[in-house]
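Think of it as A, B and C in the order they're written, each chain with its own count starting at 1.
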Amino acid sequence: MNLSETVNTGYFFGLVPLLVFFPIAGMLFNMIFGGKMSEKAIGTVASAASGLTFVVAVLLAYSLSATHGELHQVFLAEWIHIGELQLDWTFRVDTLSVVMMLVVSGVGTLIHIYAIGYMHEDVRFKDDVRRFRRFFVFLNLFIAMMMILVSGDSYLMLFVGWEGVGLCSFLLIGFWYDFNILGQKSTENAEAGKKAFIANRVGDFGFLLAMFTTFWHFGSLQFDAVFESASHHPDPVVISAITLFMLIGVTGKSAQVPLYVWLPDAMAGPTPVSALIHAATMVTAGVYLVVRSAPLYNLVHSTSYIVAMIGAVTALFAATIAVGQYDIKKVLAYSTISQLGFMVAAVGMGAYVAGIFHLATHAFFKALLFLSAGSIILGMERGHHHLAHGHGDHDDADAHHDEEVFDPGDMRNMGNLRKQMPVTFWLYMAGTLALAGIFPFAGFWSKDEILLDAKLHAEHYPGVYWLLAAAAFLTAFYMGRQIWMVFFGKERTEVAKHAQESPPVMTVPLMVLAFLAVFGGALNLPGSHALTHWLEHTIEGVHAGEFDFMVAGVSTVLALIAIGISWLLYGKNPLKAGQIDPLKKPLGFVFTGMENKWFVDEGYGAVIIRPFEKLAKFLSIDLDWNFWHDWFHNEVVYAGFQGLAKFLADPVDMGIINAIADWLAEITKRSSEKLSSLQNGFVRSYALSVLVGVVMILGYLLLK
Amino acid sequence: MDFELLPNLVTFSPLVGVLILFFINPEKKVLFRWVALLTSLVTFGISLVLLSNFDASNPNLQMVTNLPWIQVAGWNISYYMGVDGLSILLILLTTFLTPIALLSTWSAIEEREKDFNIFFLMLEVGMLGVFMAQDLFLFYVFWEFTLVPMYFLIGIWGGPERIYASIKFFLYTMAGSLLMLLAILWLGINQGTFAVPALIEMGGIPAGIQTWLFLAFAVAFAIKVPMWPLHSWLPDAHVQAPTAGSVILAGVLLKMGTYGFVRFNLPLFPEAAVKFAPMMAGLAVIGIIYGAIVSYYQKDIKKLVAYSSISHLGFVMLGLFALNSQGIQGGILQMINHGISTGALFLLVGMIYEQTHTRDFEVYGGLWKVMPVYGTVMLVVTLSSMGLPGLNGFVGEFTILLGAFGSEAIGSAWYAGLSAIGVILAAIYMLYMYQKIFLGPEGSIVQTVKEHGHALRDLSAREIITIAPLLVLIFWIGLYPKPFFTLIAPTVDNLVLVLQAAMG
Amino acid sequence: MNAVPVNYYIILSAILFTIGALGVLIRRNALVIFMSIELMLNAANLALVAFSSANAQLDGQIFVFFIMTVAAAEVAVGLALIVAVFRTKKSIDVDQINVLKG
């Protein structure tokens, strides 16, 4: 794109479409030529495509800092122009979008590299090597869609990326569409993908309505034009409607109450997917949307409060569920929902920088945690494989199917893994401490900023601080529980004893992420406030907060207490094989609720899904087919017509009209029988009649 | 007295192929396949010439042929053909889909192939005539003419219940068009001309009578669309029709209904259109939701697609009766989109049916693994059908919903709001279908086919050629719909002016 | 010129016609019937010529030519019919040709 411009100005804004075109090119390349390429080549192409995207993002960041963070728009093509509706493919480079680009492409590239190692083994454990290529095709598509999402200059272009990432999420959750999460033949994974897509579509429905309202009241969907117009006509009803509709979209995409239910199921996808899409990038799109629409949210306090409360409630609610989970990825999934709640709460309170800051650090440490969890799961699988096949007869597929089911992700099957997987252990520790908010890890700084804002604005947003603080406490607790269960104590199964460490292609990207998880706080350290100053160019009215030792101290102490309690419960007396969770006894039915996700899925099933299916059945079978198609058309219309036809045919036609005709025929027949004797066939008699006739006529004429 | 060759050439060029086919020995399958295909390709080529001669900035009729035809007893019927922004895309869609549908029959139709090709080309003549005719009487002739070949296509080459389906199709459509005929006669006799542009210019039909005329036309078109609750013929016709018949039925024939609304109902009876807009929009919304929910519960793939058409065409109707430029332009584009997406869906369903001879969901599953190319193509088409941004369906649906949301004529955002639920429901039933066929463990059909001595094969080269043009359009319209909007915009803007005047 | 009065012709014509008519009615032989018909025709011709001459107009004479032509054609067709009947029935007795009776 516009290379000449780049040369002329020394800036790289013209390159922004490449953010989308590089991953698309990588995807197409792998689609077309991937069939004959080795796995390494495929992975390299895909990673390179993602890496080049990161390079472009860096160049953009450089150009932007050199031009004092001024907004740049790059027009690519016209899109939909109808009357006032003027939509273009225009890219937007400002400080906010560049932060997102950097996070997405940076973390994305690391995950691409990791996935080369991960998928290499995963496709072999699941006996379908051909799907290696498909994975990277989807992954590149995802990066492209995410780039459209963050670089779009209008709500509709954002929406393209928004739904596009939803599609990738669907494809990647259902990547092993013929299995369930335990590797048995099943439709469960496919169902999980469908669930994610549909839950997201419910959110998109809200987003669509928000766009319609925006267009008809503000005459545009382009960000600046909308904000400009909104500031001139700040009709609170309209803006509340827009922001609330948008919030539905946010709850769908960013997995907030009440639409969060898809995210735990999304763990059916391969672990790199969980890390990339369902922790680091896609799910933060909702947060990005709120920050992007900050000028609208700033205009109405009531919706901001609703946003903040939804975030805070989600943070606590998901944290409670995370406490009762046994699957290593499920814990992380609920943790993600909870952390997304932090971000949403932050942006709801107007603490946009804190939200974005937490978004970035969370991307680092949660990606790290997920990928490490993936490493653990693969390590367990390797151990399982080692035991099952003894001498490594990999091709013995039949034996594979007869084995009893083994869940490599269940923490109750693990224990003392730090011995078998030391590298992974240290990486996981770094992520855990960051997530738990221990000084000086990245999570500490970002979470602290959110808590600080909640505390400062407690009078405008009552309750948010307490919910978040409780969630932070539980976060530290469930992460402690996880660490003790996975890495300490005794091995609870044979498999755990034979777990094996992962290769460098997987651990090296993890180290990079671990570095970021440890030092990521530097982005916005109190005092320097680099991120705040960077984002000031785009978001109006952000200001650097003061560091408050009280808030920081309280949350650190809370975290330490939580970890201490978890040590008492799970560290001091390690869980033994087959033993029930020590929390079960003291908490009783509360823990049952946590274990079973508070039965929300069951509730949705009873309230929404089954009634919908009944309605669908009623409409399609009873109403449309039996009543309308069969009864009305076949019975009423057709049979009615038949009855009428029969009536007309039998009594009316045969009885009356035909009878008249028959009677006429009878008369004619009888009379003709009489008359026929006149015709005797003798020519002479005919001639005589002629003669008589002639004589009579002549006689008449003469005598007249 | 004007004569312009091109529209006539486009309309009647398939007849040349019919004539040639008459003289070919029915045993020579390859020969008449090619003759029919080439004829339809030539027609497509001529329609491209038509497109290049089309002046997109001119909102009026172009390339007009106007010759006196029946001029007795004060009846002023003329042979009046022409093209404008409302019809140009539909003409192209027709000439574009016909060769594709014909190509798909090469392996699907095995008996009386010659007759099939003849009927098919005749059907094309009828459809093109419908879109070209600018005289009410001429329009009616073409409109009824399309019934005959379609009746035979379903009745001869259809599934087991083809007779029932074809008669139902015929009677339903006939019943509606008779009312339209009455309205046409009223107009022609009272206004002294059957020419549509002249009638529009004349205007001045009293509001009370407009109501009746509007309803008479509307019933005929609503049956064709089909709008809820007049849809009952559609599942039968689609399920029984051969693949190519379904493609044309969904792709073009249904559009004749929606086209009728935008060509006749809106400009001829603007006051009535404004008056009935909320009612029509209401029926459209019911159709959207109803069709979507009913689709979800189908056990037969083709039936699911058929019901989804009801939902999709509900969107088109909603857009048209928004009576603003976003709605109408979106509606017209969505007609094209539906023709492409649903046409492609029927083609794809036909391709798998040829191999498995069943359309029952229960036996399918896991086909993506067995047929990766097929699975990918189907995914794109499914996504296009459910309106994924970046693909064609979205551009249409979005503009329609946007237009309806702020439509003065409909008067309430609730209609569009409820229809947007259709977007969620579309995801539910389309993904349900996709999952049942392609995801999950391998279904029993894979084994069944193996037992019959051959494995399921992926798409053949011919099948890929058949489907590829549709895929190109799916992406093209989704990413860069500007050329399409440019073609229809001036005419629609004119129409909107007429309607706005009627709104007062 | 001392012409024969027209009445004589008329009387002769009437006599001829009566003979012909009686022949048709009485005789059974188709050939004889046929000849009787010819007799009737020529009786009519005689009357026409007589009137024509008496009224000094040519119309009657012209008409006679037509009748003679038609009679010739009639003879041809009639004889052919009689031959055909004879071939099937071996007889030309009209009383036996009565298959058309009601």
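Throughout what follows, a residue touches a chain if its C-beta (ideal position, glycine included) is under 8 Å from a C-beta of that chain, and two chains touch if they have at least 3 such contacts.
As the structure is a computational prediction, the values presented were derived from the model and not from experiment.
Centroid distances from chain B, each centroid being the mean of CA atoms, peak for C. Counting C-beta pairs in contact, the pair that comes out ahead of the other among A-C and A-B is A-B.
Between the Cα centres of chain B and chain C there is a gap of 81 Å.
Mean C-alpha positions place chain A and chain C at a centre distance of 113 Å. For the pair chain A and chain B, the distance between C-alpha centroids works out to 33 Å.
Multi-chain contact residues of chain B, defined as those touching 2 or more other chains: none present. Residues of chain A in contact with at least two other chains: none. Touching two or more other chains at once is no residue of chain C. Note for the complex: chain A touches chain B at residues 77-83, 85, 128, 130, 156, 159-160, 162-164, 167, 170, 174, 177-178, 185-187, 190-191, 193-194, 197-198, 201-202, 204-205, 208-209, 211-213, 215-216, 612-613, 615-617, 619-621, 624, 628-629, 632-633. On the side of chain B, the complex with chain A involves touching residues 168, 229, 232, 235-236, 290, 293-298, 307, 324-326, 329-330, 365-366, 368-369, 372, 383, 388-390, 394-395, 398-399, 401-402, 405-406, 413, 416-417, 420-421, 423-424, 427-428, 431-432, 435, 438-442, 479-482, 485, 489.
The residues of chain A lying in touch with chain C in their complex are 675-684, 687-688, 691. Taken in their complex, chain C has these residues touching chain A: 21, 24-26, 28, 33, 94-95, 97-102.
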